[in-house]
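Letters A, B, C and D name the chains as they come in the text, with residue numbers starting at 1 for each one.
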């Protein structure tokens, strides 16, 4: 049993935001496949259709996506969240976004009826104008949004960080000051791809966010730095495909890992990661999974 | 992978509302029922079934398809895929039934041609709004028995594919395949359920696709959370029992849109 | 013939800094293999042995390195630079670094005797304390260093930018204000890797910089953004392996490309990229290679 | 790839200054002469030739090798590789000559064993500072003719491997292989040059390695810019003509260090 911000997880793998998280049914499916918890698609104050396609391409070594935060808004999503809560048997974390403190608060309060186990504040999406990272690269904004949501709801609040800043620790510290119960890192890394046959940027939004294998080293460094400076738990995300990746992330300082792009490989990824972690802990004389969290910091 | 650039080498006006775009690039590994993401640069990228190894057949319904219709031979498209699961191909000794409505004939025509090439015995029920809109009559005709219906009776039998199906002994077939408007397929489903034939029937579904590769979840169906782009678009009927199929789908934002 | 900041290149491929660039002989070898120009290893004011090994690992989808700017310092390197200049028959760009304006100037002046065709200011190495990116994430420092070197030497000055900042354009603009003749982007992306068998970070320096395939999308976005805002040429670097990658980088806005990690695939990479570019230009009815620079910006 | 974790299952004290570390993991694809990067965690990573499919043989010379000597059976190392080009293996009917000095016997012992296993006729000249330091006498002995020399004459012939070489008719050999201190190899090179035998001789070289994979350029030799880690560490003698070989190498910062 892993406990993070008061939430009990059967295993430390968590479905990342924006992956099969738009409907209650798909969240339930992922939970049944073995995720220790699931995070919903980021939900905002107004319905959004997202960017035009192409919205995601497979690069082989990772993915580029610019979905544009498509979501039905919180009034419509409430029922989906309730389904996830009632049927998944794992903690369900509501990812939310907004352009202002008030919007964040509206969405959080709007979803409270469905009793999410925690909120994850998406202040880090790199390709939605006025939302996400444009908020999340400003430590003051991150702090005040965190304070506002913490005040408004009685649930743990996680803050999801963008790596597209000069120093992620400054943003992490702002979240901590604001009362965040945990930080989650990383969201995608700004990137783009161009079709040389036509000269067109491939994504409908022209640019987007890089995820998958390519960002694991970046995520590890962010988690490592955050762990060195913060007192709250860190949830590691970015390029986790295998139990080895998960162990690596935990050794850098993550108390749990989120899995996004690796869902492409198949939903078995959750059970295969969590059973791999279990074996690793047993075979290496660690007492429990918490023993490995942050140990890279002690290896000098 | 990046979209593959293809040149349109031929445009065939199939019916007043549908055109086939033939590429200079064949997707020989594709199985009938698989789809590609078709990128009309500067406009949108939309899912289309491969109506042949190197072609798509498009019905004009909105923005992107309208832009597609403005393209000329020699113009280029970007293609990702083929993606998803195609139809389970019939064995040599099986008897099969195809039920196609409108542009739903697109994935079934290559299936029919494949089946015919290995000598499979087949019956096709092909329906459309009116005589002009009957798609791929020429491709189905040489493959086996063909029943045509039109909603307005402008040719052949007046009525729906389901009317022909009602007169058909589905027990005589080893496999049934269908593609068409979801309301049509829902009726088919209902009839086959009564005859206990759902388990041998494959349905080719449409949902709103974003990623097209099984990650984003835009195309997930209730209540199992099946991804149409990855777990489908072809589903065995049993997978659809107790699902949203025929009732609603999701819009681009994940909102429910009733049929 | 491509002309960049007054320098004529036979083809738009340039050896990136830090790759086979520590000796005159190795620079000559790369030139003979078909590079249109070569950049030296970054040279500093004092001899440096660099970090302990492991200093580079192959991730499959890219590389992590933390060399630690090993270099013999400018007095020792002068002769190597002269060899490169005399024997390579292509422009030779001296990459230099320092912790202060004065150090940059000392190194530049110290190398002038060997007549480099340009200087490239490394204000972007992510893993050398007090050097590189710690300077390069501060726009004022970048501007004043650029001014100082421009004043001190009579040669074109390129400024190499780090992607590890919230907005690379602000740094690029600072370089431009300082009188830079071109900017070069990107240097490596901060990252790390951990050995799960022991918990040790793998690199001797614990963390390092990501290069190769994984960073191409990041580099493209940086080049794209810089092109939209700057008036000086941009030289694209990051994950260029093939002529397709090079074309993509140029369509984003690069006037030329640098090739680093791809040298791992073999030194033929320069001739294969440059001949591929040539064929592409001919087969697609472009008049010359400059026609494609930045065209992604026009495709809307 | 990340370093592979290996467990040291045996430590053999070969001579007062050298130890063989045997791993629980064999690198069966390795060719004699290839090297691995050996990571002593928390200390350094250094290049070592594989003295067997699952072993390295180390001479204590400084920091990292000293730490290696402090390890015990059951301890672990990280291994990247095998890297570089090994020796050109001899053909069945060829006659070969091996010239090894000190720990330079490490890459030549597996070569000798391979050659012997396919019946190659061979002569080995093995030298060391003194009798105790003669490495792998037991491995070379069963493989063919063996000449031993010691600098101090403490065993067998007093003198250098080059003294034995001077008495040898190199024309009688199809291939010659050598590894040892660079000054020794330089002498060998000079002698073979006079006999026009450089072109059939392979030299296994050492330089300061950083990346070990041919990218950083730390190990480049003048004047051709050859990378010892990637284009070598084994070079045909002709590649070394007119090079820095025997004159100088580069230190970690790229500064010249004269021999």
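One rule holds in what follows: a contact is a pair of C-beta atoms (placed from the backbone, for glycine too) under 8 Å apart; a residue touches a chain by one contact, two chains touch by 3 or more.
Given the structure is predicted, the values throughout are model-derived calculations rather than measurements.
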- Query: When the contacting C-beta pairs are counted for B-C and for A-B, which pair yields the higher total?
  - Reply: A-B
- Please compute the C-alpha centroid of chain A, do the same for chain C, then give the distance between them in whole Å. 33
- With chain centres taken as the means of their Cα atoms, state the distance from chain B to chain D in Å. 66
- Computed distance of Cα centres, chain C from chain B, in Å: 51
- Distance between the CA centroids of chain A and chain B (whole Å) is 36
- Contacts with 2+ other chains: residues of chain D: 41-42
- Among the residues of chain A, which are close enough to touch at least two other chains? 59-60, 193, 198, 200, 299
- Message: Judged by the touch rule stated earlier, which pairs of chains are there in contact?
- Response: A-B, A-C, A-D, B-C, C-D
- As the complex stands, chain B meets chain C at residues 41-42
- Query: How about chain C: which of its residues touch chain A in the complex?
  - Reply: 59-62, 64, 137, 164-166, 189-194, 196, 198-201, 207, 210, 213-215, 217-218, 220-221, 224, 244, 247-248, 251-252, 280, 292, 295-296, 298-299
- Item | Partner chain D, residues of chain C touching it in the complex | 18-30, 41, 47-50, 52-60, 63, 65, 67, 70-73, 76-77, 80, 193, 195, 197-198, 200, 202, 204, 260-261, 263-264
- In their shared complex, at which residues does chain B touch chain A? 1-3, 5, 37, 39, 41-46, 76, 78, 80, 209-218, 220-225, 227, 250-256
- Note on the structure: Within the complex, chain B is touched by chain C residues 299-300
